[in-house]
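Have a look at the structure that comes next, please.
Order of writing sets the labels: A, B and C. Residues in every chain begin at 1.
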């Protein structure tokens, strides 16, 4: 970032011909509406529409990308506003607020820690996003340093006190068309209901059904979550039939609140089609406590398969991301819970794991499956080949660790050459911090424009085709994939 | 593609210096003869030399690259000319014609389906190839759309009725020096014999020995294929000795028809050296039906090892491609057979799998092994390191899913930095459609020129060295590797 | 290389703007001192300070990068100066001299073999390095060919006879600040002691503790090495306590000789925390010969864990490189021993394997772990994510097969976007040949400058930030990581 803020040609190539192509393509993408089809911001924020608590609360503490790198730089998570938790497990998807709220007084200190450590973010997507946010939203173009920590903090804090910076005003300013939050099974969804009923709010904030808590039979709290589910729907979920019916009803409840998609984060992408009889037996063993680890894994794989079957009936788009070993740092997990940046990828086989599901539902016109990977080697080797054959399979955007300029570029290249662009689900931001949404879309659109400019320069696409493809990836594909 | 056809600088870099280097290097590659050392076109096509049935039959139906992406776009394979099969298994390698012939009347409709869906191929190698074919061979430079479907169909169809477009005329026009087809064990090879004996045909069309049907002991039809093999050579293949002798004789039969290479496509690249006694016992168990799955896998690994041994004796270059889960979509396989685009890569370990074979034969001057991978991570991690040590091992070209500009570029980079260029086997087209052969070579040569231009621009190679290397990769290396 | 030697813009991009940025950044890196924090040259060479025996002995025979590719080109290792060994195992880390010394008379013939085969090195890092060495050190800018073999040999040989080309003079000319050799447990370290005590030598040559011989319980010679270790420290290493104490004392001995780091090369990166009781039992079983292969693997994983514990106490930086199947070619290993170029990567899981160690020690401020990978897919998928969270974990430079321009570029991109630059350990040369040290650093600095120039051109870094980052990666990060 120059002293005057991000350059107008940020992320564009430097040779003159490619640069002019990138500018022209990006010109057609820059002001497209934002479809935020997969995020982790809370609906309650928009429901309450209260001023954000402060710079650290808004920009630092909820963002595990920042926490992670600060932790690596020797900063203890407790000094970043992460509340240490008591004995009880804080459910990843179910938690109303993912992070402890830092005390007002602590916010300035957290911001100073960030500024002091800002050089360690050189080269990362976090730096790109935050500098775009600071310049675009708050007019902060000074580099973050120890010396500028207080002045930048004050500038952001005073802006946040203005009505223009309340969540709903920002929602509108960002040009968000739809915002799909991520919500655990059993989540009350009251904020979504309130927002939908609010005549003063013209946005569209919908939940996404994230049922790992009641589907992942390898979890310790599976049985108790299943019991909760039964109570909620007044069904006997001790038995397989009642459990299946409760899951079905829970999906319906989300759909009634506007949900268009489910989201699944199992450790492995394995799926299996079991007979009703065997599923029933395994389920009983798991609830009864006699199941082996292999039994639990098998039941989980079958429940994933089952979700595809239900999707064919109720139309929820199924999102799947697997291949992450979560809560890698046991001691830190015990202190601070999940989402502290200690979830790390492992290699998995999508080709083998998804086979039963894709054989059965992969060509069903009622079904859409979006698969995300944090292992980029899976794009060219497994996901793009399969998505270039199965109509139901869509390539999820490179996200999380891969949501950065070079990684997006590599992913676009690998996906396009094998499967063409039309098999992509388009960009999703997976944002942790509300204000990062437009920055994340801007970076992706700039990188997409630069990538497509190269294909034009190499005479592989016409400029018109490239522009159309950019619009597809940025807007039309998420719209059609998720039925928004 | 512009309205006037592919640009003369297709796939070249855009900065002026690199562009002029790429042009100069490519100028030395463009008109080299074509060594088509590994294809899937049928010798019978050249033997009969009849006009091609029509645009769809020539360009669409035999090409599983196109079928795959059209299927993903919601087109049923039956409307693309794939004949649904009856109960009997259609053998992948043995089939005389891989695809059902579309009825004449259906060809125009298939072409319309392709044109209507043409935008989904943006970014793929299929699009590059087909547009080069259409412009170069048929003068079709109009973009394919629903509106141009009939006119382009008619133009191609009328060209195909001319004698200039018969297979042998095209063979000559394409500048093909040698064409090596792929033929299953037990294939009659009559077309190869007829062509070789035909004084009016000056080309060289040779078979490649693809014996998966009689070597892959995990197949259901292994025992019956082995029995056929015995009948064919008048040997008792119920016993290990007779089986080995029949395999040896079958190789000799191919060699007598001009074969210079074998081609093996096991699921895994695993090899093992068993004692004669253990091999004999496993073989008996497999034929007798008492073998476990592990036994069958073990025998298959030993037979692969055995092929290297035989190669040392009879000189056939051994080609190996592993790491593909074939016929992934069971239901579609039951309806349409193999080669519909539903074969997907899986990660495998070449380093571990090939070790027994390479320890024994990897430094044998009589032996050449060409290994292809559809997992590009294996190039830098396993294949290039091993090929940079074992004299017998050659790096197969990036093919299939990886036979596209960016993927070829990545592969060249990974192979060259670890092993140098001299360890490459050079480009093979692996063509499914006869007319795609020159287009596939053109794309590879252009990408090679662009890659080498960068090395010159970075002062890593002189222009002369780069030009020589381009000639090596395009022509001399396949010539020497396969002894053509 | 042009006839006048390597171009001043070697490895820089060709578009004018990027080129000027790369030049400017590199200008600040070119003359930084060299920290050679991880090499395989012998301290004895500097201790004795005798003239190098000749061009082949200096540049060819000790370099398994060259041997490997020459072997692949059909050259027998025995004609490259590798001495065939007798029956006894030549220990990888313990060997005083890694290679047999070629007879004087044989050196010229080895050089001729290299020159005759020089074209096979096009595109490799070996070629870049050697041409930089020849031009920079010996003024040899003629291309190596059969015709120039004798003249270049003579020129180098006559230079080597001059005092300016003795090891200590070159050490100074190269601008080496610290040289850390790699030395097996039980190595006498006499050369290090002599050098440290020598008032005439102003360099700093320190050992690195490479204890695979006494820590890898899967080795055949583990028990006898452990017995040697006991004898050396006058301890009873038949028992677990004595063994642990001897290891601790051996580390102290290295530290007393200046060591700042240990280096571990297990096959797998697996670690496990066992109870003292279980460790004791496994150790007894291994020494007693009753241990299974799984027991030996488990003990090895625990000993790796144990090393991290000891590092917290004594401060040695722990270096780890795993995922290599060593001595792949059994027959050649039997003839020539290790380090002949036949060690090949395999995929491993760092995320799973290192978890126990990182959970326990990954946030301990006393601990530093540098992990190297020869599988580049591990950078973005596993190592950069973990290093961006665990303060103790540093990203080892892309080395060995990956120590080449494009591979370094890919690694920088993957590491930086996930973890930022500050998590890197910085460049280490891992040199096999003394004279390749400056060339290896030059190539890395040039590639780093070119990579950073792109980030500046894309407005992701300011020129000042890029320059600072280049200095970090080239000098300051190795200095701080290894405490030099």
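The working rule: contacts are C-beta pairs under 8 Å (C-beta built on N, C-alpha and C of every residue); 3 or more make two chains touch, one makes a residue touch a chain.
This structure is a prediction, so every number in the text was calculated from the model and none was measured.
Counting every residue number used by either copy at the chain A-chain C contact, under half are found in both chains. Between chain A and chain B, the superposing rotation on Cα atoms measures out at 120°, rounded to the nearest 5. The mean-CA centres of chain A and chain C are about 40 angstrom from one another, to the nearest whole unit. Counting partners per residue, chain C has 15, 347, 377 as the residues that reach two or more other chains. Across the complex, chain C is touched by residues 15, 17-18, 347, 349, 351-352, 355, 358-359, 362-363, 365, 377, 380-382, 384-391, 393, 413-414, 416-423, 454-455, 457-462, 465, 468-469 of chain B. In the complex of the two chains, the chain B residues touching chain A come out as 1-2, 6-7, 9-15, 68-69, 71-74, 119-125, 127-128, 325, 328-332, 341-342, 344-347, 374-377, 401-402, 404-407.
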